[in-house]
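A short worksheet on the structure shown next.
The first chain written gets the first letter, and so on, giving A, B, C and D; residue counts start at 1 in each chain.
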Amino acid sequence: MKIKIDKHKLTDDKIMYYNKPEVVYIPLISGNDTDITILVKKGEYVYKGGIIAKRKGDLRIPIYSSISGIVLDFEEKTCFNGTKVKCVAIKNDFKEAMDKKLTIKKNINKYTKEEFISILKDSGIIGLGGAGFPTYIKYEGTKAKTLIVNAVECEPYITADDILAKKRCEEILETIDAILEINGMEKAIIVIKENNVELKNIFDDYIGTYLKISLKTVKNYYPAGWERNLIKDATGLEYDRLPLEVGVIVNNISTIYAIYDALKYGKPLSERIVTFSGEGIKNPTNILVKVGTPVKDILSQLKIEDDHILISGGPMMGIKVDNDLVLSANQNSILLLKPLNCKETQCIRCGKCIEVCPAKLSPVLIMKAVNSKNVDIEQLRKLHPEKCIECGLCSYICPACISIRDAITKAKKMVKEVK
Amino acid sequence: MKSFLKDNPIFALSLGLCSALAVTTTFEKAYMMGLSVLFVLLFSNIFVSLIRKHVSTSIQIPVFILIIGTFVTILSLLLERFMPSLYDSLGVYLSLITVNCIVLGRALAFASKNSVGKSIADAFKIGIGYTIAMMLIGLVRELFGSNTLTFMNDISALTGYRLVFKNVLPFSLSILATPAGAFITIGILTAIFNFIRSKYESN
Amino acid sequence: MGPFIKSSNKTSRMMFNLLIALTPIILFTVYKHGYIPYTHGQVDVFGIFYPLLFVLIGSLTTFIIELLYYLIIKRTDEFKTSYGFFPGLFLALILPIKTPIYVLLVGCLVASLSKIVFGGFGRNIFNPALIGYIFVVATFSFVFSTSYYEVDTVSKATPLTNASMVSGIGTYDELVKPYGDLLDFFIGTTPGSLAETSTLLCLLAFIYLTCTKTIKWRISLSYISTVFLITFGISRLLGVGLYYPLFHILSGGLVFGAVFMATDPVTSAATTTGQIFQGILLGILTCILRFTTTEGVATSILIMNMFVFILDKMGSRVRFNSYACLPWVVLVCFMIIVSMFVLASKKRVVAEKDPNFNIVNKEVTDNKTIYTATQKGYGGNIKADVVIENGKIVSVEIISHNETKDRYQSVTDANYINKLIEGQDNLKNVDTVSGATVTSTSLRKLLINVMEDFH
Amino acid sequence: MNLINLFVSGVLSENIVLTKFLGICPFMGTSNKTKDAIGMSLAVTIVTTLSSIITYLLYNYVLVPTNSVYLKTIMFIFVIACMVQILLIIIKNKFKKLYQSLGIYLPLITTNCAVLGITLLNVNSGYSFMQMLVYTLSSCLGFSIVLCIFSSIRENLSEDIPKSFKGYPIAFITAGIMALIFGRLI
């Protein structure tokens, strides 16, 4: 069973700008990894696009400053995943000074594969869909033939990718074409929702000149944007662990646009479009913001209502955060929602969670198993809680208001710990 | 009272259930079964205690079972001779005393480690607790299930008296006389027992 | 933690939907068991609403018992979400309308206790209403004798008791005709417990409940289709018409059970595959039980309650590996085919010894045999002398009976005894007297039993 | 047909656990996990079948001719105890894997009243050899089915059961309800 969730206010069709933050706090986090070497000192002047930190370990990807200014301090701020993370506070001098000149490359498809990979690395391109995983890894040494561009925003409220695709359609198509050429891939499929007619029309206008790129519409359900569903809907292929097994690379559409910036101008990833929505915001909108901008500053510019909770991410997978949040590159939305007024009651084994689970789990059985007094790990393992993608549909659908996802996350941990 | 609550073989330890469920349809059968177990328990405890120093632990179980089996055989021969109708109605469950967990359990856990005197005392303690529990179950099941009370019927062959009450209550729940009723009766009695015990212990 | 939006389909909403779906059925019982008897002058004005009162007493009883329980253990907030009135409501609906109130109360007590003992709402393993039901069946079996199903002006056996009385596999005339036609079965004017007969309303309820995502529709659907499949197979094997499978589906509260009882969320499988198999197994069990006992729905639902966790275990594996259900598929197919053939071959002749029949005296002289025999009728034993000469019944004389005057009158008015003597070569095909079905059936059975003894 | 009837009633309406209360100890004691239940029922089936055959022959060809029927209890339990030991040794040496899964259940079987009960019922009811075999197998099947169902239910019992009913009482009541339902399957 596929669930449609779209009873919510939509944003308007404009991109607003908020590019003059007084102070930015660049979170020192890459993916979920906070083991990062700081390369700047207090009081040092940094340029826009200057490297201020580097991730340790194998997946070396730099962290850039999104403005130019003086490093004020290192402060703990709330990050997209709700944890407190060390941030570099930089005072904006509003000069947007860069240490090198922007070079405009005419033909972005004239790169070699090696150059392409190193540009991705140097520009700090990470998956902007949510996970924040470095993008170059997908391209490095793969033999994938198909690129799937994820323009399906399946979580309610969020329209950041949608608006980006509408406004930057040509650039995106150009980038996709360049990626195909550089990596010797055969085709690209842009996947959009079938109810997003507007976007489909815009793409239809431009796509004609790109023979290798096709458009595919999928049904409007949650989680249509999950990699596994996306690939199955777009190509009919199913895989075991990674999409690469079936020769597919999946990139979010905003990642593609970030790649465009990097290829065309050598611009590192320093800003993105974030959806500000929810019942608590009177006119929901998309705002182009600099990485590291404190959410407080932006919210003060919007008409908001009190008594709402601040959520980082979508309503399904997002996390409740305090308003000390700073924006990071993989943050696609900030929501102000009414707190749920829902009391947990007894599970009645209605089986709805099993019907909706996209990962084919049996959430209620996992929950029962993990909540029993002496947990039988062997039994639990047979229910495969590790396959959970934490989409939250089970908790959403539960008529008894039980937070089933939390129980499964617990089971996931338990299975991982007890080897 | 304390040992009845703490060591009761049926309600507290859930041992010897087979006979507690099967032959408690009448009060008489229930207490006669209890006494039979007491008999076997007593003699097996005495013998096990007597030979305890001559039996190595590795062959304990077979030897003990054979001892118990001997006394069960003696008991059934006695019953068959003197109370044939009771022997018939107890049927296979009389022989099954051999594998009754209470008897073997006490032999292994107590009699094989203690002197004869202590073993006799233990046999009485456990056996009487068992008999009382059996009487209770038999009373409930017969009174509410068949609406009769049989104190002496089958054993009248020996005693010469019959003591049976009929239609004691204005109603009957025939279900209690069925096998399902046996389970439910013991379940509820054990729950009540647990309740009393928890009250008793908290005081 | 998230999600920060919730589906609007709450438990309370589901229970409300269930209540809405039950309302027409309850109203229909008022029509069937209240209004129709009223028009025939059998009950007074108050009697019209007796079915409603009956259902109300049932639901209030379980409601109050649960309230008391939660008051005693001081967890009243839990009581608000325990929906205590449902077991009693369902129990009242599946009992015959003439059930004495004290029996209903005892049944409700057992139903409530069977729920409470497992920890209350959502934790019970067995369907509480059905536990109450089989307790009543086991303890107060008289409730289920024919007279308690009285409906209309005539007291009739329920279609299924009738079916099992005649033989396992009957003709259209035997099975359906005494009650009208199949449409009557569908609409639900045949005798039976309060709710078990209005198939139409049950189907409407099924559509409503499925659309509102309240019940596990897979169970109902696979249940009914399996019963249809097996009985259809039997009808093919025996060469009887389509009425036979339809009769089985439309009678005995099968649809009510399939829609409301088997899909009780707490006591049914949670996994989708488990639900389908639960339905199929329910169908197989019901068919088998109908041929061995008179009632199959309640028992088979309770049996499947025991298998729910095993089915769910299988169901959760099937989601990752479809072959995990292969043994079950084989088992189910095997069971369906075997039950079809075995049941078809089991053309049940009247039970060898009819418990309601008793030979008081038997005199044999040359070619003449005189039987004095009794057969249980509507109000008690009917005692009759039957004279057989040269293997033929020559006279039947009723010595004593306890039938009501009207019934007996209509039997004598119809000259039924002579009809029986005339049709003695094929007694089973002699029609019963409308208005005195039980009496006439008993007389017929008396003769059938006598002839059987004679041969 | 007679054998089929015997078989069906042995599994359902004459179920040894639910109507004759044999094998109650493993039923109540060891059946908290389905895996254990399957192991236990397998072990019981093997031991019971083998010892039924031996005791049947022993009874009819040794005890009856020598007029020493009264020794049956003691002889039977002796046979069963030996059987368990022999099986244990065989499995231990030849079928390592089976030993790992069944090993812990086998020793418990000597004192399982189901085994002794079935062997005694076989000779008490005066069955022919075929009837005896059918009855034994159906009883074991009945035992296994009920044990597996019961363990799956117990595994899933809630923690919210009233305190006094926790543990054995609720198990008894569940078994009672099961017996009630099985009793309707005549």
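General observations
One rule holds in what follows: a residue touches a chain if its C-beta (ideal position, glycine included) is under 8 Å from a C-beta of that chain, and two chains touch if they have at least 3 such contacts.
Just so we're clear, the structure is a prediction, and the values are computed from it rather than from any experiment.
The interface holding more C-beta pairs in contact, when B-C is weighed against A-C, is A-C. The geometric centre of chain B is 42 Å away from that of chain C, both derived from CA atoms. Chain A and chain D, compared by their mean Cα positions, are separated by 60 Å.
The distance from the centre of chain C to the centre of chain D, with each centre set as the mean of the Cα atoms, comes to 35 Å. Counting partners per residue, chain C has 120, 122-123, 135, 138, 313 as the residues that reach two or more other chains.
Within chain D, contacts with two or more other chains are made by residues 156, 159, 162, 165, 170, 173, 177, 180, 183. Viewed as a network of touching protein chains, the structure does not reduce to a path, ring, star or complete graph. If you check the complex, the residues on chain D that touch chain A are 33, 156, 159. Residues of chain A touching chain D in their complex: 368, 372-373, 376. Against chain C, the residues of chain A that register as touching in their complex are 3, 5, 8, 156, 309, 311, 315-320, 335, 337, 340, 342, 345-352, 354-355, 360-362, 364-365, 382-384, 392-393, 395-401, 403, 405-406. Chain D contributes residues 18-25, 28-29, 70-74, 77-78, 81, 110-113, 116-117, 120-121, 124, 162-173, 175-177, 179-180, 183 to its touches with chain B in the complex. Chain C meets chain D in the complex at residues 73, 114, 116-120, 122-123, 125-126, 131, 134-135, 137-138, 289, 292-293, 299, 302-303, 306-307, 309-310, 313.
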